[in-house]
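Next come two complexes built around subunit A: one with subunit B, the other with subunit C.
Presenting the complex of A and B:
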């Protein structure tokens, strides 16, 4: 049954997943071209010094928004069709506990995102090893980690909004979501998020419960 | 006979608008019950309540003795649900949707699905999103038959279907229900189709249940009385339904015998009384009124 639900989600989202893959592939290529260019123009000493002394970004700045934007794309691709004509009723009518049905759908999205993020990360970090020492790569890892956690959180919040049956409540949920997501994008020195990472992790865990609240409201027939 | 569906004192409002007050009914195993009513009388609402997709203001519903809010997966597997407009997962194609549902139901009969689809001019790889409403209705019906449920709940199954598809749908349903002692609870706007299908008829009016009787009882006993009279008003009386003046004639409807109706109408100096047997659609109009 879990396989069948994963199959349904895959059929629904495969085109978007390919698109997301293409977007990340593009940004990886762009990152390497950008880094190569920096090294060619300024030389490696200058590039390293900028990162260590001036806290210059290792990745192109657009990367910070990509995990969130792609997570939103995936969430909408998964859950807008469920809410169109209230098809979620069909899904909830399947002979499985409703919490398992929603959990499986959420886990599918999270697993897909984590796989895409991990592949991107591994390629980026491996590729950057040709240019930067381990210290700088570790610094880049910690600096970009909140953006990827923001992607997972954004996915859960977008699902919370999509499954909500009442439009006015959706707008309210969207406003709360923007406030929560803003926490992940505060301008700060590299490493400033380190003491807060556990808070971000807690937000993800709490975020997992929010779509269930919307699903319960849907089940009660809120209008 | 076992009770498959039981609704007990359901009261529901949308905002301040009363939909029903203390609505109670049951559906016995092996019966085909048609729920009829004008737009906005709450036909889809009761289906949503039954399946736990709407919490009523008060009252309880049970399907196979399970409370509507806590229907177990095993019981859900025994219930086939058709949503209004033949809603399905349209991102699947014909083969994918069968493959998807087959994993959930232990008694899945894929031959029932493919046999029905042979009648359609579609390929197995055709996306459901590209199908006509009639073709989608056959996909939905095929999936329900393949699921082989003990109870079918069909919300406005005739919506958007041309006469050919409607007839096909009804013939399959009738065969399914009678051959295998299945229970069907359905709603439809097209009442002429119901006449050949339903055993029991439940008619909803705004805020209340108007009637719940066997279909043959309505067809055998409910009649239209046409007559001439110069009076401007016929007072509502027990047993007369929706008395209405049309031009110089009057018409009224009743379950009463000719003699009883004549006796009630005698005070209005009537003449040319004609008694007419009714189709289910005419009976519906007689019971609920035209407007």
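Presenting the complex of A and C:
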């Protein structure tokens, strides 16, 4: 049963996933070109000094928004087809407990995202090890971590919004989602998010429960 | 929302505290208060007399010597000391300290300049170093450890009794300064070491200050006359300068009461005769005038903090709110701040309204009421826009 469910999700989303993969690959290549250029133009001393003294960004600024946007893309690709003509009813009529069905769909999306994020991270950090010492790589990791967690949270929140049957409620949900996501994008020094990370983790865990709530409302036929 | 609403309201109402400027008047021998927005009578003294701008220039010659010079009013000597622009410039400095300096993420990499360069001015070296369990110099171009240089420094550190792992290193890794005195580092046993690079060779010395003072923090300042290295903060809250004498590291204490290193902002303006120390505490601004040579206290003045619009608004609207950013720290930590009981009135009101309107079931009503009582405006709004809970 799980296999069938995964296959259904895959058919829905495979084009989007390839697109997301291509976007990340493009950004990775751009990051390396950018870093190489910084070193070529200013020199390695200048590049390191800017990061150490002025907290200059190690990754290009687009990486801030990329995990969130791609996560939203995936969520919409997965769940908008479910909601057109209320097709979610079909999924929910499968011979499985409804919570299991939705959990599977969510886990599918989360696993895909985590795999893509991890691969991106590994390639970037490995590549940067040619240019930068360990301390700077660690800095870059801590700085970008909230953005990747925001991606996971954004996916869950977008699912929550999609599954909600009532349009006006969707707008409220969207408003709440933006409030929550704002917490992940505060402009701060690298490493400043350290004390806040457990809060962000809790938000992801709570976020996992939200789509169930919308699905229940859907089942009850709220208008 | 308990975090976001206060952020938005504070954006509407928050104004950073503005305190009047305080400086020690060499001529009046006491602290004077200056309000630059008052164009006619900017300066007033502690007795309440007010002075015009040109009188202020004459009474604060150390602060306004450029104006006096351009007006041709700079005296040849004050208090028996010859003064001219060159002497004044050599003896003047400004030191700032903010608690965010210590509550900030540290990236662990430092830059060591050549202290006695052959050419005038400081050049950026082509390596950085880390010093946690041992010292390692990393060349920026190759991204590899310079084993030879690291070894020389490591031996010199061990020879002088440095105990790893190091607690902190403080210096000024900015090439835009008149000269370089390297780093001061606190080792694992509370001893303060002075470390710099002279003609490519390491210079490491135990200052011996760790035996006399419980060192909390040090902040380096390169003053033009090379009188001292910087300011030392002890665990008890006292401030010292570490005097710059060859081979010797004497401390001289500032005669002021202890400060709170985690909450107080400090500005010290020094000149040939006196120092003006301004400490911005949460409750107000405390100012002292100190003698330049002995650092003994000559005068003091306290300005109470006025409640701004944000304080008044938040007192009434948010009894407890969540903050993440703080002006005292570069970290983002979730903290609940308690503002006072006035806003509880609002909460009780909202709780009653919320309890009545949001549900028909009594138990749910009580739950709603208590929820709003605790979370206030945020909870009220949340209940407004969250979808209705399932009945039964």
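General observations
Simple rule for what comes next: the second predicted complex is superposed on the first by the 223 of 223 C-alpha atoms of A that agree within 3 Å, B and C clash if a C-alpha of one lies under 4 Å from a C-alpha of the other, contacts with A are read in each partner's own complex, and residues count from 1 in each chain.
The working rule: a contact is a pair of C-beta atoms (placed from the backbone, for glycine too) under 8 Å apart; a residue touches a chain by one contact, two chains touch by 3 or more.
The model shown is predicted, which means the values in this text are computed figures rather than measured ones.
Partners subunit B and subunit C, once the complexes are superposed on subunit A, both fit on it without clashing. Contacts of A:3 after superposition: subunit B is touched, whereas subunit C is not reached.
Contacts of A:131 after superposition: subunit C is touched, whereas subunit B is not reached.
Judged by the touch definition given at the top, the superposed model places A:186 against subunit C, while subunit B stays out of reach. Within the superposed three-chain model, A:99 lies out of touch with both subunit B and subunit C [touch as defined at top]. In the superposed model, A:86 lies in contact with subunit B only, and not with subunit C. In the superposed pair of complexes, A:195 makes contact with subunit C only, with no contact to subunit B.
In the superposition on chain A, no contact is made by A:37 with either subunit B or subunit C. Looking at the shared chain after the overlay, A:166 reaches subunit C, while subunit B stays out of its contact range. In the superposition on chain A, contact of A:12 is made with subunit B only, not with subunit C. With chain A as the common frame, subunit A serves as the apex of an angle whose CA-centre rays point to subunit B and subunit C; its value is 140 degrees, to a multiple of 10. When the two complexes are superposed, the chain touching more residues of subunit A, out of subunit B and subunit C, is C. Once both complexes are placed on a shared chain A, the shortest Cα to Cα gap between subunit B and subunit C comes to 11 Å.
Overlap of the subunit B and subunit C interfaces on subunit A: residues 220. Those residues of subunit C lying in contact with subunit A across their complex are 1, 3-4, 104-105, 107-111, 124-126, 128, 130, 138, 140-141, 143, 173-174, 324-325, 330-334, 382, 385-387, 390. Residue ranges on subunit A touching subunit B, taken from their complex, read 1, 3-4, 7-8, 11-12, 81, 85-87, 89-90, 92-97, 218-221, 223. Interface residues of subunit A, counted against subunit C in their complex, comprise 44-49, 51-53, 129-133, 135-136, 139, 142, 164, 166, 169, 172, 175-176, 179, 182-183, 186, 188-196, 199, 213, 216-217, 220, 222. Those residues of subunit B that touch subunit A in the complex are listed here as 14, 48, 51-55, 73-74, 76-77, 79, 81, 83, 85, 87-92, 96, 99-101, 103-105.
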